[in-house]
């Protein structure tokens, strides 16, 4: 049984939940896996922190929450501070480079990838799609799911009138991710 | 200047449970603004702060009690007024303020509102009206005006909303005013007046909820709402309450609408028992068990 | 320090009054000076008497607009420093469930009186039942323990109401006073002692300074001291999960600690809280477990069986009686111990089997449990119970 | 004109700009800098104009700013 | 005659949605065209989706002024002929208790959804618990039986909501749909079949003429046929104890007959109503009894113990799982039978021990019962449950 | 004449569940009188009686539903209005009448009253106001006027009481009238008008409770009360509702106070969805499951 | 004047006398006799005066009396 | 153990409950016995039937209701019809002679006593005290309790301003009862 735990974290309005939904949907609807998505609710989260969790598996998921994420995606410094210690030592950490400064405290062995998703989204004309940029990037650097599956999940999750924009956002993130993998960009602020 | 800064404290500070800051309210939320006005009014009133109790129900606005460094009660949804009624009748020496949201006071709590107003219980009710149930995610409230989008009215609301000042007056309130969070000075003054009024007093404060009302309705952020308040508000003291109903983006009539005198519940009770029972009546001040 | 009742509230003397009136006198003797009510048969007489008595004792009765208001107004009064109670019957009790939970969570000492009538729903408004026994234990959402008392005579309505108030103060919680229509509307002799013979548990008012005070930090007995409004403590009270200071703290850890303490303050003090009448248990073959009016009918049934000279083998059948004066917390250990040495329990109740399930559970299969159910409207005939006793003996 | 002062608790600010907008004498502007939560707090751009009216303090929903008048000695 | 779902309400296809939304889709598929609600976390998404869906399906959603109104408005709609439901969480569920009793007494087919959060009182509004399991059984005054279902996945939120509506119609009663925050807010794949594969129980509308019709005269299955308003039956509905015609009849005899029938229509049909998932029970040494989200965590715990190769004597420890899909009516007989052949039960719940008491009672001392309690706020760690399994095996 | 007697039936008879007669109401109780007027109004309205539903709460007045040979619902205390709301919204083809007491509708049921009036749900509300909670033994109601003796106010009431027409108007009712059981013809006519009015309509009927209100207050029997009604009543159609409050033995203003037009809830809903959703909106008449 | 009739269901009557008092033409009086419940029902003392207005029927809280007009044949 | 079951029945307004209270009180407060009084409540009783029951005993009363009354006091025909079959065959039936017609259906062995309590009360100027007249009569003909005890119970149960009137009522009934016992009056309507 292979299980992958993923946490997405940022602040309200960044579309963190949507990212988790897209990944979860890609896995269980567009590939033949199982996935469970949960999100942190809470009055304390009013305009504050937002986080979502996805567990992917080749068998039905029993335990619904993430305890030690294989992959952590963070889009805010507070989220980084709170969640980065949880990542497994063989895990992946993905950050929004303009919003998160990666400290040296990251466990050795953790692969770290960064993308200026907000900036890329702004270049597409709509800051709002930063989450889909991030999703594209995620798809590229993790290689967890087929790009086609995630693309379909994106299309299935956004309103009709914005399908095009979101597709472009996905591709932008995906392309950036491929470049990062090739080593042709590095864009990580570290303290 | 830096020296002075450290010497001078924000006047609200002494009223806050600073160990609970920052609060949970969103950027641009108006609830905090109303708290400023409340604290200024309390300061002006020279009230003994040990003798002021604040009672809230549940909601974003209902969290006020938890942030005020006074005896404070975060009760159940809708029941702040009857709790306050019990507290005030047992402790006539306390100033009892109910501070809560529009959903809390007028949806689930509507019955208690009209009955406390009828009885003219000597409590002060401040309603932060953000036109929506914010805490639970932005559902339609009995105050949601016109054709607004909410999470339970995804195609827009169509229900008529309450005219709160009219309801308050019809039920019996002795003091009724409406302001917005743009009217900080007027609101503070009105709250001060309310403290000096004996009986059931009611202030409605329109307040932005950028996160769950404004955003969904593409009305911008808190700032944009304040600008709208400024633009649309018209002060009409003494306006007939039947004419101050709110619409989605029409005029907002603000001012003091009702200020009348009627003996409050405890006074009526005392006078009545003195009259009917004479010597046998044992008048009680504060009811405190041994 | 022994605190006695305030003579103002004590109607010392011998009276011929019903259970509802006796309950009111008990509350007055216990120091209750505030009641918020909403009329409902067969409980209204309690507050009617309170309304008649309180202006000459000093205090307030307020008839609220509904049971939601009635069940929270008293809590406001309690935080102001009063001893207070509210009174209702089934339909109103259902409406009070949210506020019973609030009182439990905020540790507000007070008393809820439920004079049980036939249910469910509007049912039989003027006729007896004991159908709310599980409701008083489980009727509010979430998890908690409660204390409940069940009087079987007007005299006990007086005596146990005082005990209910005392337990409420000692353990900082709402106590359920579970009468039934029969006991509530039954008139008998009630002896009210002089005030100085009535012991009263005072409120556990904190002696700490305001800046040191933690309203939800418990003493050894798991009960925290309390402050009242107006004394400068500037405390906070919330129904949310809260820390020792009373501030909302929505964490798994705070929840775990708080909810367990609320449970344990009853369970760990159960020996102090629980009282039961134990009659002829020593060598009993069959034990009748009963409460409220049914315990009296059961006693009559026991007498009938005894008088009939029933034998077990070649000796007389021995029948004991275990009366649940405090149905909650349920006396698990005692029932278990009894189960190990008897043939069976007989549990007559004016319901379809509520406390009998507890007897069954607690006896762990060591003795059989025969529930003598009754849908309510009147009491059992002693014969029904007698028959069950014989069955249990077989 | 009475001399006024204004004090800002930067870490409490959530950048709503109410203080900036409603300062009658335009003493304030939002700073381009972020506080640790990522908001732009106000900073004083025209200290001499402040009359200490505390309107900023009354508007601020986050109890992050207030103005006052210097007492004349 | 097989009746299928009306395609208008059925969103056939594969979806990635959470339990709350799936519950709403289940209700629509089951034919619900009326919902009255009042917002409360974590249940509001159910009615939010209903509000979004219903105008294009045909029907009404109304957000009422409080839970008292929400829990009776749907009953008005039902008597008009609609299938209807309401949705809430703990505090609102407490407020609905009176009207659950009314629906039981008047035999009004409908569904009450409770998405459980941490309690008591306001507690942990956004975090999971299973603390209302006893409340849904005992929370209204008076005596009655209920049917409750507890889904453990969004797929089951869909499937079992349909079952809840079908049971409501078949047995003319309110069915309790007991979700928990975790299941309600968890997003997974949900497959919605075509309408013609969804079986729907139609209302048992009477075929009798108005002058012969008796709305409370039961058939053999103890369930009476029903009429709807507007068809000339001129029927009467009351929460008072009533005769077969539905008229108030406050006698001990009517009460006895009515209340017992209401109980028996569930108990005598328990085999039809009750469904449970039984995994590896045959030769089990230890059986885990669980429901809702906890059943999944428990399954993980069972796998952990299995994987660790635990032995009993010199063979592998055998662990079974008994999942309460319908916690009420409680499967007394099955648990008793199991108790006779195993070492112990392990009952993990997100509460301080509710269904575990039933397991303990039903097992009659034949096997031990280990309750793995949890005050809520999150789910158990599988390790806690695993440990209890080992303890039960000892 | 005797022949004619047997040929002619009391017009109320066909509306009665004669198998439940005699009813439980006391000698001189006014509730039965209001039922006569109701049946006359129904007759005049030519309503299809199979399509009329009556919904009551709990109380002596709440027993009306049980005696009327119509589809009838004796709900829980205070909740007749929300039950009726659900019934009416599911079955717009039915006439839904709420028939209950003052305590039921305005004490425990007050919130539902104001909200249904606000929404303008198309239901007809008849309140038998006997100034007291009769069924439970004569306790103070929110309508008990002045200084009356009740079982929970053994020294007389001192609480201010509601002015029901004013509350109804402020909350949004489109039709508001008050009569007494002396005004049988006017009441019947008013009930008839109400049936023809779309939206939330409200009629208050003052009615004697000789057993529990009049007797305790030494006001004689039902007859004496009817004479008092006759004497003290003053008809003022269109009177401002703020001026029709009742006192213990003062003038009783009767008449039709409000008669205005406002679209009812269902109409608003339909129009709104048609507007916002266009073709996608599936309008429903009666919601009846397969 | 139209001829009216009045009919009384004696056993339902509870003797409140509303019909007697409010009959505009004084057709009725309470009978000295009791019905089986112990109430004095009304009886017709001036049948010729009855105009069939049915006011008695509208007042009667016990559905025990009503008046009607004879239809002209 | 000696138990006496008594039922009082009539209609609302006759003061039936008060009679039961006085007898119950006399027994347990002014004599050294035990007594339990219960009453029939009910919405169905609105202005209609009223009844109360007293169980007297020399030991604490366990079962609170009357099943087979030793003594039945009836003050209305309906009450007579309903309850007279219950009286024990060695019991006592007491009737208000102007209101109740005793039918021959009464069990043989039952002693029947009648008093025109309403008329006697009217003679005292206040119809309202008919119940106390009846109480006096009851005391005389049953001999169950000392007259002194019942007299005290009456005084203890009525408001101060009417003590005098009630005492006279009691004596009138008591005297009438003594005369009946002596055989100097018989006043029973039988069918």
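Order of writing sets the labels: A, B, C, D, E, F, G and H. Residues in every chain begin at 1.
In the analysis below, a residue touches a chain if its C-beta (ideal position, glycine included) is under 8 Å from a C-beta of that chain, and two chains touch if they have at least 3 such contacts.
Note that the structure is predicted; figures quoted are calculated from it, not measured.
Each step here moves to a touching chain, and the least such steps from chain C to chain G number 2.
Contact tally for E-F versus B-E: the pair with more C-beta pairs in contact is E-F.
Chain C and chain E have Cα centroids separated by 30 Å. Here the CA centre of chain A is 43 Å from the CA centre of chain B. The mean-CA centres of chain A and chain F are about 61 angstrom from one another, to the nearest whole unit.
Mean C-alpha positions place chain A and chain G at a centre distance of 86 Å. Counting partner chains per residue, chain C shows two or more touched chains at residues 41, 55, 65-66, 68, 91, 98, 102, 121-122, 125-127, 238-240, 250, 378.
Chain F has residues 25-27, 29, 74, 76, 78, 107-108, 110-111, 115, 135, 142, 155, 269, 273, 277 in contact with two or more other chains. Touching of two or more other chains is recorded for residues 14 of chain G. Taken in their complex, chain E has these residues touching chain A: 14-16, 18, 41-42, 125-127, 182, 185-189, 293, 296-297, 299-300, 303, 378-379, 382. Contact residues on chain C toward chain F in their complex (touch as defined above): 37-41, 44, 47-48, 51-52, 55, 61, 63, 65-67, 91, 121-122.
Residues 3, 6, 8, 31, 33-34, 36, 55-60, 62, 64-66, 68-70, 72-84, 98-99, 102, 200, 202-203, 228-240, 247-248 of chain E are the ones that touch chain F when the two sit in their complex. The touching residues of chain B, counted against chain E in their complex, run 58, 74, 76-78, 107-108, 110, 133, 135-137, 139-140, 142, 151-155. Taken together, the chain D residues at the contact with chain A in this complex read 14, 36-38.
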